[in-house]
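All chains are identified by letter, namely A, B, C, D and E, in their written order; residue positions are counted from 1 within each chain.
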Amino acid sequence: MADPVEKTQTAARTGAETAGPDDADTTRWRTRGTGRRSVRTLRVRTSAAVVALAVLAVLVVPPLVQLDQQAVDLADKLSAPSLAHPFGTDDVGRDVLLRCVYGLRVSLLVGVVAALVATVVGTAVGALAGAVGGHVDRAVMRLVDVFASVPHLLLGIFIVALFQPGVWPVVASVGLTHWVSTCRIVRAEVLSLRGRPFVDAAVSGGASRTRVAVRHLVPGVLPQAGLAAVLMVPHAIWHESALSFLGLGLPPHQASLGAMVQGARGALLAGDWWPTLFPGLFIIIPTLAVAGLAGAWRERLNPRRRSELTL
Amino acid sequence: SNPDADDDSGASGGAGTAVVVGVASEPDTLSPLLGYGKDGNSKIFDGLLARNADLELRPALARALPEVTDDGTTYTYKLRDDVTFSDGEPFTAADVVFTYETILDPGTNNASKGDLAAVESVEADGDDTVVFHLKYPYAPFAERTVLPIAPEHVAGKGDVNTGAFNTEPVGTGPYVLDNWRKGEKLTFSANPGYWGGEPKVKKLTMAIIADDDVRATRLRSGDLDGAILPPNLAKTFAEDDDKQTLAATSADHRAVTLPTGNPVTGDVAIRRALDVAVDRDTMVDKLLEGRGKAAYGPVPTDSEWFAAGTERPYDPEEAERILDDAGWRVGDDGIREKDGQRASFTLYYPSGDKLRQEHALAFAGDAKKVGIEARVESGTWEVIEPRMAEDAVLAGGGNPADPDFDLYPMLYSELAGQGFNNMASYTNPDVDAALVEGRESGGKTERKRAYDRVQQELKDNPGYIFLTHIDHIYVLADTWRGLTTQIEPHEHGFGSGPWWNVESWQPAP
Amino acid sequence: MTDRTERTEPASPTGPTDRGAGTGAPLLALDRMSVRFRMPRGPYVPAVTDVSLTLDPGECVALVGESGCGKSVLASALLGLLPENAETAGAAHLGELELLGADETELARRVRGRRAGLIPQSPAAHLTPVRTVRSQLTEVVRELTDTPRQELRAAAEAAAERAAFPADHLDRYPHELSGGLAQRAATALALVGGPPLLLADEPTTGLDRDLVERTVDELRRQVDDGHGLLMITHDLAAAERIADRVAVMYAGRIVELADAAAFFGAPGPRHPYARGLLDALPERGFTPIPGLPPELGALPPGCAFAPRCTYATAACAAVPALTAGVACHHPAPAADAVPPRQPLKQRTGEPGPPQQPESADVR
Amino acid sequence: MTGLPLAPMARMAGRRLLYAVPVLLAVTFGVFAIAAASPFDPVKAYAGTAGFSASQEALDQLRDSLGADDPFVTRWWDWLSAAVTGDLGQSTSMRQPVSDVIGERIGWTVLLCAVAFAVAVVGGTLLGVLAARRRGGMLDRAVTSAAYALEAAPPFWLGLLAVWLFALQLDALPAGGLTDTGTDVVTFGQVAEHVALPAAVLAVSQMPWFVLYVRQGVGDALDEDPVRGARARGLAGRTVLLGHALRSGLLPVLTLIGTRVPELITGALLIETVFSWPGIAAATVEAATSVDFPLLAALTVLATAAVLAGNLLSDLLYGLADPRVGFDG
Amino acid sequence: MSAEAPPPLQLRAVTAGYDRRAPVVRDVSLTLDPGECAGLLGPSGCGKSTLARVAALLHRPDAGEVLLDGEPVRGWRHRAPRAQRTAFGVVFQQPRLAADPRLTLAALVAEPLRATGRRAEAPARTEELAALVGLTPDLLARRPHEVSDGQLQRACLARALALRPRILVCDEMTAMLDASTTAALVAAVEDYRRTSGAALLAVGHDRTLLERWCDRTVGWHELAPAVKSAPGG
C-alpha cells in the first residue's frame, strides 16, 4: 500500500524511528516510547554517583582531614568563598566546607536512620493491620492514633529532653514519631490489595497470612513505602533543625546541615549568602539523588515498567 | 522602605501619635503581684519610686524619696494624693500594703519575691503614708520599691495566681492596656488622666516577634517603627536615613563559670591564665560588632562602682607563664597536664542561644591557644543545672541598679549551689565579708570601698571569666525626639529599651 | 443467523463508511505490519510479522490462531495502545490515516472510540475499579456523542441494553461483576461511539450460548450497517456465525486467509495448522496439535509451523509466502477430502452422548 | 445518583467515637507520664528569668504551691475527674484558666490550619497530576525536585523567606500578626490579608507529600490496564487523567489527609511563632517545656481530636473512593 | 455412587453471596464423587464462580455446609487448615486478575510450593509443569503483562496443579484458549487425574466441551432447590 516515499515521510514526522540493532533487513522500526531511556539512565547514574560521593565524603573526609571543624577564627568571620575557604566562613569564622561535610555526616545519619526506622516500623505495622483486618486492625489502628495524636515535635521534644542531647535521641524522636503516616498509607493500600483475586489464589495455594502479606501485599505497597522513606530523609533533617530552633538540637560540635542553614539566616539578611546556600545544597542535592535512585528502584518494582529500565 | 503615608499602622508617617515596636517576647502575666515590671518601667503601673535615664531614683507614686531611719531598717514613703487608677478609683496607701503583702504571701506564685526578702512588714499610716520595716539593714532597698502598685479593689478580687487581673490589668500608669492578643501583640493607649500629664504618644503597640530575622524584616518593611535587634542585623540599618540606632549600654554580661569543685577550673593558676588568655576586645569587635565592652566583672567598666585598675588586658604569654609556673606542662596533643590531670573541662551553653554559643566557641578557641581545652556542649537548663557544680557554663546576667544585686548572689559562698545563685560555687571569705559590708553599710563611700575589694579579689582569683558587657541595640524610625536609653539590665526589650519613657517622647518638630 | 447473500451488498448510505475511506477503498489496510518487543535481556520478541490484510466496510474478518500468536498485540498496535517497549513497522491505513505512525493526540482525539473501537480482552481488568459501570458508561456517552445532559442516563442504559448488560447491575463496581457481565460491559462501552472500525478481542468469552448469540448478532448488525469488524476469537462457532472471511495467524504471521464459508464448510482449511485447529474442537477430534507452541523469540528460520507439522519437508526451511490465501509449501488442495464432520452449528443444539476425551495421543 | 452508603458510614463513625474514649485516656495519660519523666521543671519554667536570681526558699515555696511534687498519676486523675465536670483547670504557664487560654486562641489556629490544609491538598493534587502527566518531562522534574527541596526546608526558614519576598521586596502582603500592627479591629479583610502568608507557607511545607503521592499514584495508574481501557474507549486525555488515573491514584492522598494532621499541627506550631499568629499551637511547646499539665492535657486532647477526626474523614473518604475497601475500620 | 469412600467434596444447601439480603447462590447442593469429573453449566452471572469459590474454601457461605472427605469444613480462607486449602487446585476465571503482577510466570507457578515450604522441589516441578501446559522457558521469565492472556491462563493451570491437589476446580479454564490449546490442556488435566485420581469440578458455558470432557454435566437450574433431588447427592 504505502510507497517507500510515504514511509520515509512518516519516519520524519514521528522522528522516533530507529533501525533495530540486530536486524539485517531494512525494516524501519518506530517506537511510541519517547526515547527518554538514555536520559533516564544518565539520571540514575548521576544519582548513584552523587550518593556514592556523599557516602565517601562522610566516611573518608573526617578521619583523613585533620582539621578542626570547630576551629573558631573570629578575625576571619563571614569571609566570602575564596581559595582558602572554598565555601567561605561562617559567623564565627569556621570553614563552611568542612562543616558541610561534617554536617552531611550527621544529617545523613539522622535522615537515613530515622527514615529507615520509620519506614520499617510503619510498613510492618501497616501490613499487619491491613492483612489481618478485623479486630486486630481496629486495635492496632487505634494504637496508631495514640501515637499520631501527640504532635511530633512535642514528642520529639520529650524524647530529646529525656536523654542527653545527641544524635541518637534526635534519630529516635524522628523515627519513632513518623512511622505513623507510612503505617496508614501502607495499611490503606494493603486493604485495597487484600481483596484482589490473586490473593485468593495465594490463599488457595496454601500461603499463610504472613506469606500473603510478605510476598503479595507488601511488594504491592513498596512504591508507596519507598516514597515515604525518601521523603522522610529531608524531613528528618528539618525536624532536627526544628529541634535546634527550639533549643533541643544537637550540640555544636555535631554540625548538622539543618542547623547550619537555620543559624545562618541572619547572615543571609545581611547579604552573606554562603553560609546558607552551601549547606542548603548539601541537603538538597543528596536528597534529590536518593530520590532519583529510589525512583529508579520503584520503576523497577513497577511490573509494567521494568523492561524500560537499565542501570 | 518608607512606610506608606496612609498606613495607619505606623506612627512614622501618618497619625503621628502611634508607635509600634517589635520585641522578642511577651510577659507571662501583666500582674505586678506575680512579678511583672518589678524593675520599673511598666507602662500600665507606677512604683513608689522610678528611675531616670541615669538610673537615679526619683519619686513617682511617692511624693519624695523615702526617709530611712539610721539603723537602715525602716523606710517611710509619703504618697501622692492626686493619683487615681485608670478605672477612676483613687490610689491609697492600702493599695501599696496590699501589693507588697500579696507578693510576700506564701500562696502567691511570685518567683522574685526573694527581692523583698529583707522586708519584715509593711504598714499604712493613714491614706498617704507607707512604712516598711526590714529584718536587717539593706542598703539598696529603695531600689526595690520601683515595683508597680496594683489596685486592691481590682486585683484583690480574683485568684491572684490565675485571675483575670493577670491579663486585664488596671493601674496608675501612663498607659492603659487596650488589648492583648497573646503571641501577637499588646496594644496600649495613653491614659488621659495620668498624673504625670497625658503622653504625646497616644497609642503604643508592642508586637511580639520571637525571631530576630523576621523582626528585622518587618522593621524594614515599615510594619514596625522600632525594634530590638542583634548587632549584626542592626548594622544593616546603619545606612538608612530615616532610622536611628540606639545602643543602650548595659550591665548585661556574659561570663564563663569556673566551678570550684572541678579540679581544672578550681585551680587558681588555670583561672588566672584563662582570665588573661581570652581576647575580650576581639569578641566585642567580632561577636558584638563593636557594640559592647570588655567585662572584668559584673560591674561595667564605665560604672561608678567599677574598681579602676582591675582591667586584665589580653596577654597569652602571661597566661602561658602562669601555667608553666604552676606546673601545667604541654602534653602531646597540645593540651596541658599536671599530675596526670589534663587541662580540660566541659563548657555548657544553653542551647538555642546563638550569642552565648559564639562566646563559648570563641572562649574555647582562646583557651586552646594556651593549652587548655574547653569542650563546648549545649543543653537546656534542665540538662545544665545538675552539672553546674562540675562543668563550666556560659552564664549571663546583670542588673545595673546596684552592685549588690549581681555581686552578692554570684559570689556569696553560702549561696553556692542554690538555684542559679553562685553557679561557680565561689568561696572566698574575704569576698564574703566585703559583700556583707557592702549591702549593710549605708554610706556610699564605704560601700564603694567594699565592692572595690571584691573586684580586686576577682582579679586575683577569678571564679568566673567575664567576657563582655553587651550593648542592647534598638533601631527606630527617626520621627521622635528625645529618645534615650537607660543602662539596662540583663532582661530587656519589653520594659527597657528606648521606650522606657515613651510617655515623655516628643514628636519631631 | 443473517443471510449471507446480504453481506456483499454495499454499505447503506447512512453507514459510517462515508465518514472514513472513500468509496471502494478498504476501511482498514494493513501493509506488512510488524510489531516486536524490546526485552531487557535476550532477543526481540516479534509478536506480529509482516501482516498484510484489508478490511472493507460492511465486512467481518475473524482472526483466529493459537494463544500467544499475536492477535491482541495486533489490535492494540492499531490503536496505539502498545507498551513502551514495543516497536512497530509497516503501515496500517484507516482511510487515509496511517495508524502506526499517528501521534498520540490524533489517536486520542479522532481515532479511538470514534473511528476505531476496541473491545479489550480481559475486560474486567480494563475497567476502572473505583467507578461504577454506569458512571463509566455515561462518561463515554457524554464524550463520544452529543447527547444532551438530561438524556445521558437513558442513553447509557440503552447502550447497556444493546450489549445485554442487565440494567440492575449498572450501579456495580467492576470487581462485583461476574466474568460474563464484565465482558458485556466492555462491549457496551466499545459500541457507544459507533466507530466504523470495530476491533473485538474475544468478545464472547465468559458468555453462555444465548448471550454469545445475542452479542454476535449485535455485532453482525453493526457490520451490516456498514461497519468493519475485526473479530479476534477462539470461539470458532461464533466466528462461523459472523465472519465473512477468516484469517488464521500462527506465530505472528497470517498463514491463511480464506472465505468463511469455505473455511468452515467445504473444502475447509488448507493450512495444516488451521486444519489442526479445527480438528481440535471438542465436537471433532478434540486432539491438540502435537508439539509445543513456538517460542517467538527463537523461531526456526523457515516456516514456524514446520516443527509441529506432519507434512514438513526440506522446502519448509524457507518462509512461505502467502499465495492464494495460504502460506504453506504444501497446502491442502482446495476441495480436498476432509473427513465428514458435524457442522459447528450443532454445538448449540441438544447435548449428544457424553464422550471420553481422546487424551491418549496428545503427544 | 445513588445515595451514599450512609448506614455503614455512620456505623464506622460511631465505632470510632467509642474508640476515641480509650484513645484519649491513653494519650493524656501518656503525655502526663512522659512530661513527668522529662527533666523539665515546672517551677523553673514558671519562674522564668526571675528564677535565675530567685532564692531557694522562694523556689521551694513556688514548688509547693504549684503542686509540682505530686505524682503524675494523681495529677492525671485530678485533671481527668475535673475535666469530665467541665473544669479544665488553671494553666500555670499562662496564669489563666485553661478554658480562657484555649478559647482566645483556638479559632485562629483552626483558621490557619484549615486554609493551609485546603491549599495543600488542592495545590498538591493539581501539581501532582501535572507532574504525572508526563513523567520525566521538564515540568515533572521541576515539580519533583521542588517538592523534595521543600520537604527539607524548615517552615520557619520558609517563613522568613516568604516575609522577605512578599512583605519586603514586593510589599504585597503583611508580614505577620492577625491584623495590621496598629489596629485592633478584627475585620474579615484584615484577617484574610494576614492569613495569606502564614497559610501559604504552612501549605507549601505540607505540599510535598501530596504532590509526590499524587504523582506516584497517578503515574502508576497511567500504566495500568484500566487507563488503557479508558484510552481505548476514546476518552479525552483530560478525562482519562482526571476521571480514571486520578481516581485510582488519589487513594493514597485520601489516606494522607488523615496522616498529615499531626504534621500540620507541628508546622503550625512553628509558623505561628514566626508570623506572630495569635493561635494556640505556639503555646503547645511552652506548655510542654513548662510541664503545665492542665494546659498540656487540654492541648493534647485537642490534637487528638483533630487527628482522630482527620483519620475518620480520610477513612470515610477512602471507603467511598475505593469500593473494594468498605467501611470496616 | 460408591459407598465405600466418602465423597471428596460435598456442598449441602449452600447459600452464599456478597450481601446477606440478596444471596447469589441459594440453597445449592452438589456432590463430587471420588475421581469424578463434574461439569457445571449455567448462564452468565448466575453464581457459578461464587459457588466455585465457596467450594474451594475461599468464600464463606452464609448458610449451608461444605464437607471435605465427609468432614464438615469449619473455617474458610486462612481459617481453614492449610491441608484443606491445598487439597484444592483452583483455576480462576480471569487470569489477569488472578496473577500477582509482580511475579514472573516461573515464580507464579512455583509460588504454592514455596508457600508450603517445598522450595527445594520448586525448580524441577516448575519445569515439569511448564512442559505439561506448554509454557516455553522465555515465557517463564516474563511477568504477566508481557504475555498473552492465554499464556497466562496456562501458567495459572500449572500453578493449580503444583501441589498435586485432590480436587481441581476449573472456572472457565478454557474460555481464553483456542481449540487446540483447549484440547491440550484438557488432556493435561485428564492425564493428571488419571495418575492422581483427583476429582474435578469444571465450570463453563460450553456444553459441547463439558460433555466431551466430563463424566457428568449439571445445569445450574438442576442445582436449584426446586429440583434438589437431581444432583444425586
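What we mean here is this: a residue touches a chain if its C-beta (ideal position, glycine included) is under 8 Å from a C-beta of that chain, and two chains touch if they have at least 3 such contacts.
From a predicted model like this one, the values you see are computed outputs, not experimental measurements.
Peer 1: What chain is the most remote from chain C, judged by the mean position of CA atoms in each chain?
Peer 2: Result for the farthest chain: B.
Peer 1: When the centre of a chain is set as the mean of its C-alpha atoms, what distance in Å lies between chain A and chain B?
Peer 2: 47
Peer 1: Could you grab the centroid distance between chain A and chain E? Build each centroid from C-alpha atoms only and quote it in angstrom.
Peer 2: A distance of 45 Å separates the two centres.
Peer 1: Roughly how far is chain A from chain D, going centre to centre by Cα mean, in whole Å?
Peer 2: Using C-alpha averages as centres, the distance is 23 Å.
Peer 1: Distance between chain C and chain D based on Cα centroids, please, to the nearest Å.
Peer 2: 55
Peer 1: Residues of chain D that touch two or more other chains: which are they?
Peer 2: Correct list: 38-40, 156, 160, 164, 225, 251, 289, 322, 324.
Peer 1: Among all residues of chain C, which ones touch two or more of the remaining chains?
Peer 2: Within chain C, residues 37, 83, 122, 125, 175-176 contact more than one other chain.
Peer 1: Where in chain B do residues touch two or more of the other chains?
Peer 2: Those would be 213, 217, 380, 382-383.
Peer 1: Which chains are in touch, pair by pair?
Peer 2: A-B, A-C, A-D, A-E, B-D, C-D, C-E
Peer 1: What residues on chain C touch chain E, complex-wise?
Peer 2: Counting only chain C, the residues touching chain E are 37, 42, 45, 64-68, 72-73, 83, 121-122, 124-125, 166, 169, 176-184, 202, 205-212, 234, 236, 276-278, 280-283, 285-289, 292-298, 347, 351-352, 354-355, 357, 359, 362.
Peer 1: Where on chain A is chain C touching in the complex?
Peer 2: For chain A paired with chain C, touching residues are 1-2, 6-7, 10-11, 13-14, 18, 20, 22-23, 27-33, 195, 304-310.
Peer 1: For chain D, which residues count as touching chain C in their complex?
Peer 2: Residues 2, 225-237, 239, 243-244, 247-248, 251, 321-324 of chain D touch chain C in their complex.
Peer 1: Can you check the complex and tell me which residues of chain D touch chain A?
Peer 2: Listed in rising order, the residues of chain D that touch chain A are 15, 19, 22-23, 26-27, 30-31, 34-35, 37-40, 136, 144-145, 148-149, 151-157, 160, 164, 208-209, 212-213, 216, 220, 223-224, 251-252, 254-256, 258-263, 265-266, 269-270, 284-285, 288-289, 300, 303-304, 307-308, 311, 314, 318, 322, 324-325, 328-329.
Peer 1: How about chain A: which of its residues touch chain D in the complex?
Peer 2: Per the touch definition, chain A meets chain D at residues 34, 36, 39-40, 133-134, 137-138, 141-142, 145-146, 148-155, 157-158, 161-162, 177, 180-181, 184-185, 187-189, 191-192, 195-196, 223-224, 227, 230-231, 234-235, 237-238, 241-242, 245-246, 258, 261-262, 265, 269, 283-284, 287-288, 291, 298, 302, 304-305.
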